[in-house]
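First subunit A sits with subunit B, and in the next complex the same chain sits with subunit C.
And now, the complex of A and B:
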């Protein structure tokens, strides 16, 4: 990955001894995290001097942040883009998004509002289905995009940036539905 | 030479020195316990009557020391105003909170102090004292319970305790945790760790039964409900998600059953009115209800005499009365399972914790909800204390067979302009965890910020739990938007918040004043320590010990810095006596003898004299003060200078 400067410097990937790649095996990540925790958890240093404990606390915090970031496709994508110099947490850097996409999202929002008011569970399920399939496609685009980025395709970076922003819209949407469902759930449902 | 290598020889000695003098404490809503690991196995310590459970009841008396436990519980009806039970429900909460959720009304027998008499937002109860009446905080009441457990442990272990792990409901927020930790300090305990109750239970369970797999812990205590999902694998206990309700428990079952008893009585209208006004009657009614609940655990029906009338309650009636309470536990269970990304069939087992889970209807409900019969082969009332003892043992010894990885139960957020909350740490993040935020100034020459930190899942600050207001001052004057203020929020391994801030352009650490939204200031706690009976007994020895420990800590740190920087000035033979003296001091510091610490300090001084001389000669005596790790000061008085609101850079 030539675009990443100072790849030898410490990243969340290097912290867990992983290569700087988008593709991550979650079971392997969990395993690595646990092995590091065995040695780095503050409980292992409960009798160390205060100065050392402070450092241990920061290191453990960093490990947990690394785990949280790498575990999620969207957070990992954002993090990798940041390493490539694109800060997607800055909304002002948002590229102009496809107008068709924006009108689609608006339409979906309206449908969701209707489904809520009408308590139409079938409609809700169909919206959920559409969101899930969009998210699946976006995820595939992320994987493909990062492969191209790793192969130093110059167009990949801006496309990935757009994908990440689009994905965020769908994620917010999915979160809203989950929140609504949580509020609606009857207490008798089996887990 | 690395620090760790130097530390090792001393460590094992220190660990041996305090073996067995650390305990685990379950500070429960209705009962509290203390446990210790002996010969590798955790066990609860019993009182002189052979009881492990200490009722969490404190009765204050004019001119006499408070009664704690069974004696207080038995005489509760005699002095309902002065006998505080279920104090855990008030920990870390404000008068407005308990008025809003009905806790204050439910505990109508207490005399709540007028909140306008105090500057902070802390519940206070008026109780008997030699001067008529005094206001006590829930923290002080809890400390009375902890003192009894502490002396039980010290008598049986034959010496002063080195430390204690105290358990808290997993769903406790920062203020409730802080209050618990402060109660421990007030009781003269060195709190090694606050441990989440379901995690403690899983630890005891997992080690005892050598189980592996994913487990749910359903913990219905006297006044709190928690559910945690854990993954037990190769001695690592990872909490995957947790949820709960800090105002839901067995107490609520008693209240529901009490209503049922009143409804069954021929003089129901009259009695209902009387019970609500007469604290003695209301207490008797609740006691009767509890007796019925216990009887129905094993019997199909129970008959009690209340207000001169024999009343019969069947198990079916009890089940119906408590059904709404059980249904309230389903939401948190579902949320936790969803956050853990699991379904019922992924679980290897469901562990029951808390006395209320003895009720057959609870077991049936849990079996249906999770689709499998729950495990109950360890005493659900002891398992939390046992797990706490194991964790205390882990923290104070070399045992490496278990490690707990816990999570923060609530999202941490910052209130932005307009009261919208920006989440900076999501719920169920593994702890310790942190988040950095960079802020800039809003006006030219602005030298400070106000930050409002909240906990909860809602989108507006008013619907979340206010945690603290921070006032950051000392930013150099610059044009608007020029200053770059980096604030680091850190949730430590106890689930407690720490905050650190620095101004990036000048590199200066900004001053942070924290006004906890609920809870007491450091000064108030100090004053309580001074005022407490314990301290009045003249614990000068303890103070001397504390001072020597701090001095030892300071010297060890300075030496480590010096060794790291200039260790090469010494040959290996020359290093040896320093390493030995250092190890001895470290061991002494972890012990309880202040004279020994003082002697070891002198010895280390002598041993490192030559080293110090060489460093001076080599002109290498650089400042070894160490970088300032931003400390959080708690200020009692928060001056209401209207600072402009902060503006986050991103979004």
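And now, the complex of A and C:
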């Protein structure tokens, strides 16, 4: 992690006085965020000169962004990878994923589409459950992978990158389901 | 961000949605994904013995631009030789659909899907001819 520390003096982790590690105690993170936010609340600087007020506002915004990023396993993982020089939101990157993975995802997508047409709520619930359990497993792989990265295991970075990519597919899938459920709930409310 | 009329047209009336039997020896299947956004695209080509694409099907789970890109290429490739289909560039897809820069990767996905489908077809058809070429 030495290279990372040298290249980035200020990170979301350092903003909250946390070590640059994947493992984060969420209660501790929230408490740190609240304390810092109080210190940097724009209301406390309402009589300060304009330049200082602007700096405070910037710091408050950074703190919010830091908290939003660090409290989510997937966002924290992506952020740490970025500090390691791997930008997973770069669309030109095409990682070689397990070839059966894409067909599994496609199959599950097709099942979901069928279940919606058939209004098969049991099937919908089972698909949702499968995705949630995949996501849980992926999260566990992230924790294990970052421990190895912190121990400077050379294979860890590429494996973590793959895990984060796979996680993105499932995240997108879960988002779609949530959106659909919200839309359903909305139309039911109208009826 | 506003979608172009062509994207909306393909999104609302997608052409050639569906599947062929992936075990059919005349069918090449290309399955590609965009990890950055989680889109998945399946493109299948039914290819005659003369090497001309007779029919195409797609299934895409993704945004409107990804659906439009795959729908468009299923129209384009019908009647093309596989050699010509292989030469389709993502930039032609993006131009045709007026894709904004943030959606260019959707057209790249469609180009990759064509190439993957043709590669799958060749794998099915010619392990013998491939080894001949290699030796």
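Heads up, the rule we're going with is that the second predicted complex is superposed on the first by the 179 of 191 C-alpha atoms of A that agree within 3 Å, B and C clash if a C-alpha of one lies under 4 Å from a C-alpha of the other, contacts with A are read in each partner's own complex, and residues count from 1 in each chain.
Simple rule for what comes next: contacts are C-beta pairs under 8 Å (C-beta built on N, C-alpha and C of every residue); 3 or more make two chains touch, one makes a residue touch a chain.
No experiment lies behind these values; they were computed from the predicted model shown.
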| item | value |
| --- | --- |
| Contacts of A:52 with subunit B and subunit C, given as first, second, both or neither | first |
| Of subunit B and subunit C, the chain that contacts the larger number of subunit A residues | B |
| First (subunit B), second (subunit C), both or neither touched by A:132 | neither |
| First (subunit B), second (subunit C), both or neither touched by A:168 | second |
| Partner chain in contact with A:105 - subunit B first, subunit C second, else both or neither | second |
| Touching partner for A:182 - first (subunit B), second (subunit C), both, neither | first |
| Partner chain in contact with A:89 - subunit B first, subunit C second, else both or neither | both |
| Subunit B versus subunit C as contact partner of A:61, first or second or both or neither | first |
| First (subunit B), second (subunit C), both or neither touched by A:155 | neither |
| Touching partner for A:97 - first (subunit B), second (subunit C), both, neither | second |
| Contacts on subunit A seen with subunit B and repeated with subunit C across the two complexes | 89-91 |
| Subunit A contact footprint on subunit C (complex, rising order) | 31-40, 42, 59, 61, 104-105, 108, 112 |
| Of all residues in subunit B, those that touch subunit A in their complex | 3, 7, 11, 14-15, 192-193, 233-234, 236, 238, 327-328, 330-331, 333-335, 337-338, 343-344, 368-371, 394-396, 403-405, 429-434, 490, 492-493, 553, 556-557, 560, 586, 590, 626, 629, 650-651 |
| Subunit A to subunit B touching residues, read off their complex | 34, 37-38, 41-44, 46-52, 54, 57-58, 60-61, 64-65, 67-68, 89-91, 178, 182, 185, 187-191 |
| Touch list for subunit A against partner subunit C, complex | 88-95, 97, 102-103, 105-106, 109-110, 165-166, 168-173, 176 |
